[in-house]
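By letter and in written order, the chains are A, B, C and D; residue numbering begins at 1 in each of them.
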Amino acid sequence: MIEQVGFGLVAGCIVLAALLVARAKNAIHGVLWLGVVLGATAVLYVMLRAPFLAGIQLLLYVGGVMTLMILGVMLTRHDQHEAALERKRPWLAGVLSLFLLGMLVTAIQTSPELHASEAAPATVKDIGRSLLTEHVLAFEALSLLLLATMIGAIVLLRRDRPDRLVEESR
Amino acid sequence: MSLEMLQPIAVELSICGGAIVLLLVDMYLPDGARKHLASLTALLLVVALYLSTRFDGQGAIGTVYFGSAFTQLCKRLLIVATLGAVLGGRDFIAKVAPRRQGEYYFLILMCLTGMMLLPGARDLILLIVSFELMGIPLYVLTAFVRDEASPERRLAATKQAAEASLKLYLVGAASTTVTLFGLSLLVGGAGSTRLDALLAAPATPLHIAGLLLVLGGMGFKIGAVPFHMWVPDTYQGALTPVVAFLSVAPKAAGMATLMVLSVKAVPSSIWQPALTVLAVVSMTVGNLMALPQRNVKRLLGYSGVAQIGYMLLALCVGGSYALAMLLFYLCGYVVTNLGTFLVVHAVADREGDDSLDGLSGLARRSPWLGLSLLMFLLSLAGIPFVIGFWSKLYLFMAVYQAGQGWLVVVGAVLAVVGLFYYLQVARAAYMVAPAKPQPLQVEPWLAVMIVVCLLLVTGLGAYPGPLLEVCQQAADALLLGR
Amino acid sequence: MTLGLCLILSAALFCIGLYGLLTHRHAIGLLLSLELMANATNINLIAFSRFRGDSMGQVFALFSIALTVTEVVVGLAIVILLHRAYRDARVGRASEFRH
Amino acid sequence: MLASPVSLALTALLAPGAVALLLAVATPLRNRKSAIVLSVLAALSSLVAAILLVKGQLTPTPPQLLTVPWLLQGGVPFAEIGLRIDGISASMLLVVTFVASCVQIFSVGYMHDESPPAQGRYFTYHSLFLTAMNILVLAPNLLQLFLGWELVGVTSYLLIGYYYRKPSAAKAAVKAFWVTKFADMGLLIGLLVLRSKTGSFDWDATITPQAANLVTLLLFVAVMGKSAQFPLHIWLPDAMEGPTPVSALLHAATMVAAGVFLIVRGWPLFELAHSTRAFMLGLGSVTALLAATMALFQNDIKKVLAYSTCSQLGYMIAALGAGSLLGGFFHLTTHAFFKALLFLGAGSVIHAVHSNDLRDMGGLARKMPVTTLTFVIGALSLAGLPGLAGFFSKDLILEAVGEHGFSLWLVLLLVSAFLTAFYMGRLLLRVFFAPATEKSSHAHESGGFLLLPLGLLAVPALATGYFGGMFGQLYGTAYHFHLGNIGILAAGLGVLGLLLSYVLYRHRAEHPALLAPLGRLIEHGPMDRLYEGGFHRVALPFAALVGWIDRYLVDGVMNLTGLAFIVSGQKIRRIQTGIATDYVLATVGGVLALLLYGVMR
């Protein structure tokens, strides 16, 4: 029972905060509400017996991505006007989203339900073993990907010349 | 794990190892010597090509990777495509991004590593990570800003690059997210990330929904309609050597992965009708929208969309013969399209005009460039004695023999429509008086790569037998192997 | 708490993200929406992991998180480039190439 | 015997091929006179080889095949490539190389004023064309024929667009290529059907009549395009934008006849396909009549000849439709000679007058005696004057069509025979015997390079008719000439047509002495008013109507089809708004459509 209520609370929290992100008018508010979604999701992970992932979620997302996002907002904000997030075609988007939701829910409802497994939850050790045996290739590829991303992000914003663009010098 | 086990991915290992060495070398190179990074990259690619003949690349790594004649062919094709783009753009990149060359080639090599892992991947995690390893460098490569002396022109170049990569990125990120969501449904249903588990899993509605979401994501990778919207805009905005690379290698890798998935992971009854629709729509929209284009890169972008449509025809037919012909088409497409873009690069980037007018009188200004362009266009249009003709003939043959005569008729009609815009380009090169009479100079390495493409297009057009043989073996290896 | 409920929650999150993706015009808004959708994927994976009782879903989720992070990093860099070019991060500004 | 047939055929094929390749690659060579010398020498050596080949084929020999397996796939050849030497290919090779040699010699004089690089380009294209045509003619199977067929189309495109500074020429080149390529789709699909029904590309593979009908019908679509049959003939008059020797070679004598050759070559298939042949008979007759009607009121000398070509090709198709293989091929041969002669004659006239317009010409009989004489021979041969080559071949066709009794198609063909004589008479009178105009008064006879080919072609235009027996031998069928009722009727109609043209156009003509008494006779008789009235009230309005339909309806429909594609391209390009979020919307829309499909299934 407690579990049901807990899930209801967390789920409500996630959906509500997500709606606020999707309808955010202010970039900073949007980022903060996203933080709530991600945080609540971490709680959900704990309830789903995945504490390690919950930790990762908090560390990487709430710690890393949120910081990045805020940095991004700061870097792209020049005055009050541009911090506002412009939105268009809410009706079309709403219809399409509800349509997708309808289809997904139908698919979920008509697919056979799995009953909760009673097996012991996966430990960090299990995950680590899986990463370094079966998925070691993907793991190594991921490390390359992170390196490429790092280099890419640097080179994207670097210029050959130190002098500034004409717009910035104005 | 012993080193022996890594033999199937020895080529990839050598390339990513080389890439990291390249990055280190770059740190200690003086500005003037950075030009040689391209040569180093090319050398690395040639070595990799040689290695691919030394190691047969066959065999499995656990359950996640399976090397075969199929992966071997795909890897060589990808290396050749990359080599062409690297050497062809060598001098241009050295001019427009002199201090970012190390990163440029590093990213290309990373992208190549990701692409080469794709055809052999038999595990969804490896697959999606490789896709990202291919995709992320592309976002960055399309955003390379031309270095210009005057601030105004630099701003214009920044705008171009930003727009090109923004469009690729937004559509790409949306597709990746959709794919990931689809994969989560698949993995949950099948209880495993292995491809064969997907095939064995019960076809519940969730499973089907997951498969179709993944198909949507794949549609983006190959640029099929309606996931193609980024193609013309990104082609127009990005640096031409990058486009030459983007228009062939990732498409080939995407198509190869689509083949793997449709053979190894998806019951054909689910994808086939959807693929047929994608094929017809891509051919139609690509060909029609290319008709009114005046910008060559844009025109070729739409032409690429149409070409993908033809390839999808063979994919939705399926079977050993059709897949072999698809591979053959893919090889032909890679060399032809690469050559076309290199010629466009040689002309447009020298003149700073990538409209059809920029090509006017090309045959007079540089007869051999004109001839090369004509051959490539004939190949794209499917006229005999160049490889494109055999590609289309074989592909239509495979589709017809599978009892899909109406698809052949549709394809043939649209091929004639396509002829019209290819002729527009040929007309500009051959039948319009040059705007500037002086002869055109081409950098030596660029010239070499164009000639190599020309030789491949005409040589394989005259004698396609051996390549066909290889393609058939590869297709059989894909069907019969793990 | 059943698997179905978790999946419906994630579907709802995905659709809300989609709604944001389709309505936002500002690049940051688009990135936020993409994050919502990616998060939905992870909820799916973890839920499956829990109800199947294996670690595979969690491993996949780990990769998924890493992939999303790389996407965001590059995305932000592109947005900053966009802003540098147009002094504006609304994506509609960059529409020089069309038709 | 000096050489084996195979080596002769290889010589015929490779000599122009090597020259074309050499000139394409070696720019310095192309930019000098050497291009002309090489090209003409190659054509001549092909001609010699062809003559020797035909000589060898006169004694009955089985067809000789030299094929190499090509396109191996899993150790099994997908197709073969090589040479097939028999009566059909040898005689066609002779026609092609002979006309090509004449045209190339003619071109030396005709293109004299062009710059050396332009001439080099021209002769390179010519060598390429000859190679392509020989590949087509010597093809051992349908696949190789298709290769040659397409390559011929490309060279036609290049040659029509030769005067690339003229926008109309570039447009005509594109139009010709597009229309014929559209038709070629039929050949491509026919090829696929043939291969999947019989497992090979050979035309003598065993096949059911039903499949044969399907395959031949598809092939015939391509023939309609290449051989300019109604309604796909529209490109041919436009193709006259190319240099006149090109019109003579490609668009009169050889390339447009490739369609007829395809049917002759694929006869084992066409023989089985009764429905296709019935269609061919009808369409050929209709084309013959319509094109002849349209030739009546053209004022461009080349357009008259172009429509005449359509009309004569209609005859050939009708003959093959009626089942007369020899009739079709015999007419192809005689037509190639006299029509090439006529075009080259027209070229000589145009060279002298600097105009294509009939109204600028006149009085050339005195100034250009050799051109006049040879042109008259060609024209009379085309008009079917008894004794000349055209008469015999046309007679053979009419006899074949009339074999199964009196039919509508026979009437159409007879009427076109009459009209042919009429418009050729008009042409002769206007060009050579009318009073001189300002432009034509300065004309003088052309030089040796132009006259030599005229003389060379005049001989077969006169005399080929008497070699019917030889053609019969090459084809393995007996040929005996005998003048039947239809032959007499056709000859009568031809003479009548010539006379009528004389009656109508004599006022504008300087009367040849021979015809003067006749002219006086008619001038005072009641016939005059009758003819004139009948002609002006009936024939001319009809011709105008047909011309209108052709220009606005048929051409219009073709242009509209092209336009429809372009306009729809213009329309749908609007979806590419340039705004990235719209692209995301399209992507999401695509995904949703896929999911919807998943739900529906």
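Here is the rule we use: contacts are C-beta pairs under 8 Å (C-beta built on N, C-alpha and C of every residue); 3 or more make two chains touch, one makes a residue touch a chain.
Everything numeric here is computed off the predicted structure, so don't read it as measured data.
Undergrad: On the document's contact criterion, could you list the chains that touch chain B and likewise touch chain C?
TA: Under the touch definition, chain B and chain C have A, D as mutual neighbours.
Undergrad: What chain lies closest to the overall centre, CA atoms only?
TA: Smallest centre-to-centre distance to the global C-alpha mean: chain B.
Undergrad: Which pair, A-B or C-D, has more C-beta contacts?
TA: Counting C-beta pairs in contact, A-B comes out ahead.
Undergrad: Distance between chain A and chain B based on Cα centroids, please, to the nearest Å.
TA: 31
Undergrad: State, to the nearest whole Å, the distance from the C-alpha centre of chain C to the C-alpha centre of chain D.
TA: Centre separation, chain C to chain D: 64 Å.
Undergrad: How many angstrom between the C-alpha centroids of chain D and chain B?
TA: The computed centroid separation for chain B versus chain D comes out at 43 Å.
Undergrad: Measuring centre to centre with CA averages, how many angstrom lie between chain A and chain C?
TA: Taking the average C-alpha coordinate of chain A and of chain C, the gap between them is 6 Å.
Undergrad: Which residue numbers or ranges of chain B touch two or more of the other chains?
TA: As it turns out, chain B has residues touching two or more other chains at 125, 129, 132, 136, 139-140, 143, 145, 155, 158, 166-167, 170, 174, 178, 205-206, 208-209, 232-233.
Undergrad: In chain A, which residues are in touch with two or more of the other chains?
TA: 88, 92, 96, 100, 103-104, 106-108, 135, 138, 142, 145, 149, 152-153, 156, 165, 167
Undergrad: At which residue positions does chain C touch at least two other chains?
TA: 7, 14, 17-18, 21-22, 24-25, 27, 30, 42, 47-48, 52, 54, 56, 59, 63, 67-68, 70, 74, 77-79, 81, 84, 91, 94-98
Undergrad: May I ask you to sort the chain touch graph into line, ring, star, complete or other?
TA: Contact pattern: complete, every chain touching every other.
Undergrad: Which residues, counting only chain D, touch chain B once they are in their complex?
TA: Those in contact with chain B are residues 24, 27, 70-74, 78, 146-147, 150-151, 154, 157-158, 161, 164-165, 170, 173-174, 177-178, 181-182, 185, 188-189, 191-193, 195-196, 562, 565-566, 568-570, 572-573, 576, 578, 580-584, 586-591, 593-595, 597-599, 601.
Undergrad: Which positions of chain A touch chain C when the two form their complex?
TA: Contacts found on chain A: 3-4, 7, 11, 14-15, 18-19, 21-24, 27, 30-31, 34, 37-38, 41, 44-45, 47-50, 52-53, 56-57, 60-61, 64-65, 68-69, 71-73, 75-76, 78, 82, 84-90, 92-94, 96-98, 100-101, 104-105, 108-109, 113-123, 126-127, 130-131, 135, 138, 142, 145-146, 149-150, 152-153, 156-157, 165, 167-168.
Undergrad: Mind pulling up the chain A residues that touch chain D in the complex?
TA: Per the stated touch rule, the residues are 88, 92, 96, 99-100, 103, 106-107.
Undergrad: Which residues, counting only chain C, touch chain B once they are in their complex?
TA: 7, 14, 17, 21, 27, 30, 34, 37-38, 40-42, 44-45, 47-48, 52, 54, 56-57, 59-60, 63-64, 67-68, 70-71, 74-75, 77-79, 81-82, 84-86, 91, 94-98
Undergrad: Hey, which residues of chain B end up touching chain C in the complex?
TA: Counting only chain B, the residues touching chain C are 124-125, 128-129, 132, 136, 139-140, 143, 145, 155, 158-167, 169-170, 173-174, 176-178, 180-181, 183-185, 187-188, 191-193, 206, 232-233, 236-237, 298.
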